[in-house]
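The two complexes that follow have chain A in common; it is paired with chain B in the first and with chain C in the second.
Then we have the complex of A and B:
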């Protein structure tokens, strides 16, 4: 076995940081080797906190949504008696069939159709045909739906973790919390807009992680998007001087912040919103500045942020607020799910423009995301050529304070990725 | 006074020919010529579908969509493809629109017809030895103008919940 084979199997030595030389690089087999994916599934997706959904998706007792979390089928339900949001493994404790078979709905019970075992929304086994056959002492509590080991919520964002020993969610989120706070506080009462865009990319999932918090590729990759919004009357100079920065938030989380060169639906008016929306948005900006202070209010209304919560949740607070999860199905394939978060009481015309802006940039037929996907697939194809073993992620290493188009936030992800994959983060 | 158009054999033939001409232009990449067939108040929507139980009234989501275009954004789509920076479709994919099961009915306005058609869209790109297929039903409104019809409205109901192709940067 070569040295590299050894690295691949153990997941060590795939990230190489040399601060003396200002060099940070990632071995490309981290993106191509199935062995590395196996380690990721075991060490990352079975141990880290993963986003499940938002409490606004299950407001009424009995509301449920079905999800794939870390590649496993689960469902989230607002339990009818306790009112709690619960996340269950989507499998019948009897013989295994999935018990939740629709994407969304409202129900009093979940019934496994195979042998008609019935569970209430708290997960309790409440009925089965021929119960007398179990009089030998079956433990009905043990045969109830199994909750995911850990489920916690932070300000409406529901996370689950398959590792019962994991740290609590607030500790896990660490400094990333204050960026979630900015998103939530700006909206007051956020809700997920019904529906999500689901698509897949023939590229390693970490390439999409990098891309989601990469301020460097914007001008080159997204030239046609910028031209489009300029043609619609947007003044892209309005984003200048926005305190552009990239931050390592610890625990693998990272964020970039930059002045918005385009309108933001909370309260940075732009011609695309129409004159009717202008007074309301300007009022909102003033209200937020009054409630949260000038600086924090301005950050909510005029600053873009692309936030990565390790390992696979991206919140893009840009011309709309996108909540995006990524999950690998192979070293060279990732499935993506993208939701929209918006204020519950948003004016109709602002909501319409928000959704339009999302589709125009981030939709699968938009003017930007297809080009991102093209870039990621192009990287994956390039890896197959060999010859170059390492990808370079050194941009901005010498600076005291990283800019948003540096790669510090991407390095933050990779440092934690290496520690978790090799098992030294535990 | 608005009375619905009577649907004659001629109307059916004209609408059918319009759809076939449109498909030919799209497959040939003649998007600018395609734009000439589109009304300036165009609405072009690709809704999302979800998996629901059979008793649910609809599986079409009210909220987010996959695409929601008007004439401006369609024109921009065409302008974008004419630049050197539309990376996702340069080199372009090869597409073939198969348009069948055409049903023509009276439209809401006197000068409009409602046309439903089934679409099978085959797509390949580069040297990849696999292909993408999109299947769906199109609900169009064609408006009669001097010298032909213009597309005023299109809703494409895809037969999938997950986008099973490289991107939707193409016209369905």
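Then we have the complex of A and C:
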């Protein structure tokens, strides 16, 4: 165990790739050791770009949402004067109390209730009781709300980074941008639907990263879901020939693409949506093909994609579009926030069908997600048995072009994870 | 509510206790038979959720989907309920709150202990039922389950709450 102790503390040697043997494996202490989590907090969650929220959540001046980003309380606000979307550390510069105490709202000011210091939506300290006591020269600028070191937006997706030295967001997103573009272009103007699913899993967060972009487990874990949609008239062969593939997008981002075996609420009609929805959805498919060309249009309407933006943002464009972040609270525990993205101008009945489609599969009470969570908890329980040190992630290594049910996109995550955790990505 | 007799309240309580027992004991056939054809079974996700057609929920089932949920559970391949959770629930503070489209609206508080391999989980909240007499028996046309912690991260909820 002494060798292992070394690896755990330094974070090196936990990912083992041997292309000659076609073998890729991850040491299971990456999922179980608290020391590894400490390194992840320092090297990953304090240095990478992390998703905060979507600009559609703060459209009006003064709109705000409170979030936990990388395990830290922050809030995002549409500043009233500048109109900018700002992300602040949620702590009073005076003595520390949380300044934004509601999940969502609209305000002119944020006031810390402890000593009633008041800040405007630009973050400036504008007032405090007994200001004359500070005539000795308090620097009001210094005592304003502190913005997160870096905040940038890509097509409505707002990211923050606690490392002032980080590369810019567009460089960071790299090739993942084209897949975000597909999701956004298909919707025209997307918005986050009201409400969210929050759930927790007694498993390491990286098991959910793997699961979110794993095309291999569907037929086994979700057999009952697939049988259900078939019983409702879905023709799952309709997904055949969809260019099934898995890609390493660089920087730890990965994606799988596959022909949708089920309906997609943008424009792949399915009996579950009802006959009334059919003409509108077929029209949308034609419109997108005309605007973006046959091939790109088809990718928007008929192709599923499960996209991972390193380290913890998942955008799954499947039977609905879910935007999901995950954050570990312990080596064996992760908390998930899941939102839905939808076209802003979506008709009322289509929106209701989209929500229905989402819940059929997704969320803590859906017909599929609970079985994923069960599988991840089962893995974590299995790790405790010991005896097997490494998990195998070699599927499809010999192929020239990885398929969506191979594990290339999962390897993409692990390669970057290793580089970042051991500090060689800097 | 004014106009509800002791006897009516008692018969309502007995119906709700039966519903709770069927759910606790995974008696899916008996539980399914308690619903009307226009049933809605709703577990909201957010504190202020008021419209499941425009907001994200945890569960929002019509009668067809309730049936699907139970079919899935009966396969034995609903892995998050295989083996099923060991459940017992308490139902208290039962009150008749009014009438909605001819159905009797009943409110209650609940507390569920759920034991599984992952550990023991407690669920608590407010439940609202709409009850209707069909062929001389009570049926549920609506059950809304508002968890006290629906605004926090929930563990898997694959059992009947």
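Just so we're on the same page, the second predicted complex is superposed on the first by the 425 of 426 C-alpha atoms of A that agree within 3 Å, B and C clash if a C-alpha of one lies under 4 Å from a C-alpha of the other, contacts with A are read in each partner's own complex, and residues count from 1 in each chain.
To be clear about the criterion, a residue touches a chain if its C-beta (ideal position, glycine included) is under 8 Å from a C-beta of that chain, and two chains touch if they have at least 3 such contacts.
As the structure is a prediction and not an experimental result, all values here were calculated from the model.
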Query raised in the report: Based on the superposition on chain A, does the combination of chain B and chain C result in a clash or a fit?
Result: clash
Report task. Please work out whether A:109 is in contact with chain B alone, chain C alone, both, or neither, and reply first, second, both or neither. Result -> neither
Requested in this report: Could you look at A:170 and tell me whether it touches chain B, chain C, both or neither (first, second, both, neither)?
Outcome: neither
Query raised in the report: If you stack the two complexes on chain A, which partner ends up touching A:200: first (chain B), second (chain C), both, or neither?
Result: both
Requested in this report: Check the residue A:388 against both partner chains and state whether it touches chain B (first), chain C (second), both, or neither.
Outcome: neither
Requested in this report: With the two complexes superposed on chain A, say which partner A:374 touches: chain B (first), chain C (second), both, or neither.
Outcome: both
Requested in this report: Answer with first, second, both or neither: which of chain B and chain C does A:240 touch in the superposed model?
Outcome: neither
Report task. Overlap the chain B and chain C contact sets on chain A and report the shared residues. Result -> 103, 193-200, 221, 223-224, 227-228, 335, 339-340, 355-356, 358-360, 363-365, 367, 369-371, 373-375
Query raised in the report: In the complex formed with chain C, which residues of chain A make contact?
Result: 103, 193-202, 221, 223-225, 227-228, 335-336, 339-340, 348, 351-352, 355-356, 358-360, 363-365, 367, 369-371, 373-375, 377, 381
Report task. Going by the contact rule at the top, pick out the chain C residues touching chain A in the complex. Result -> 43, 45-47, 49, 52-60, 65, 68-69, 71-72, 75, 77-81, 117-119, 151-158
Query - Of all residues in chain B, those that touch chain A in their complex - result: 46, 48, 50-53, 56, 61-68, 72-73, 76-77, 80, 83, 85-89, 161-163, 166-170
**Report entry** Touch list for chain A against partner chain B, complex
**Finding:** 66, 101-105, 193-200, 221, 223-224, 227-228, 231-232, 335, 339-340, 355-356, 358-360, 363-367, 369-371, 373-375
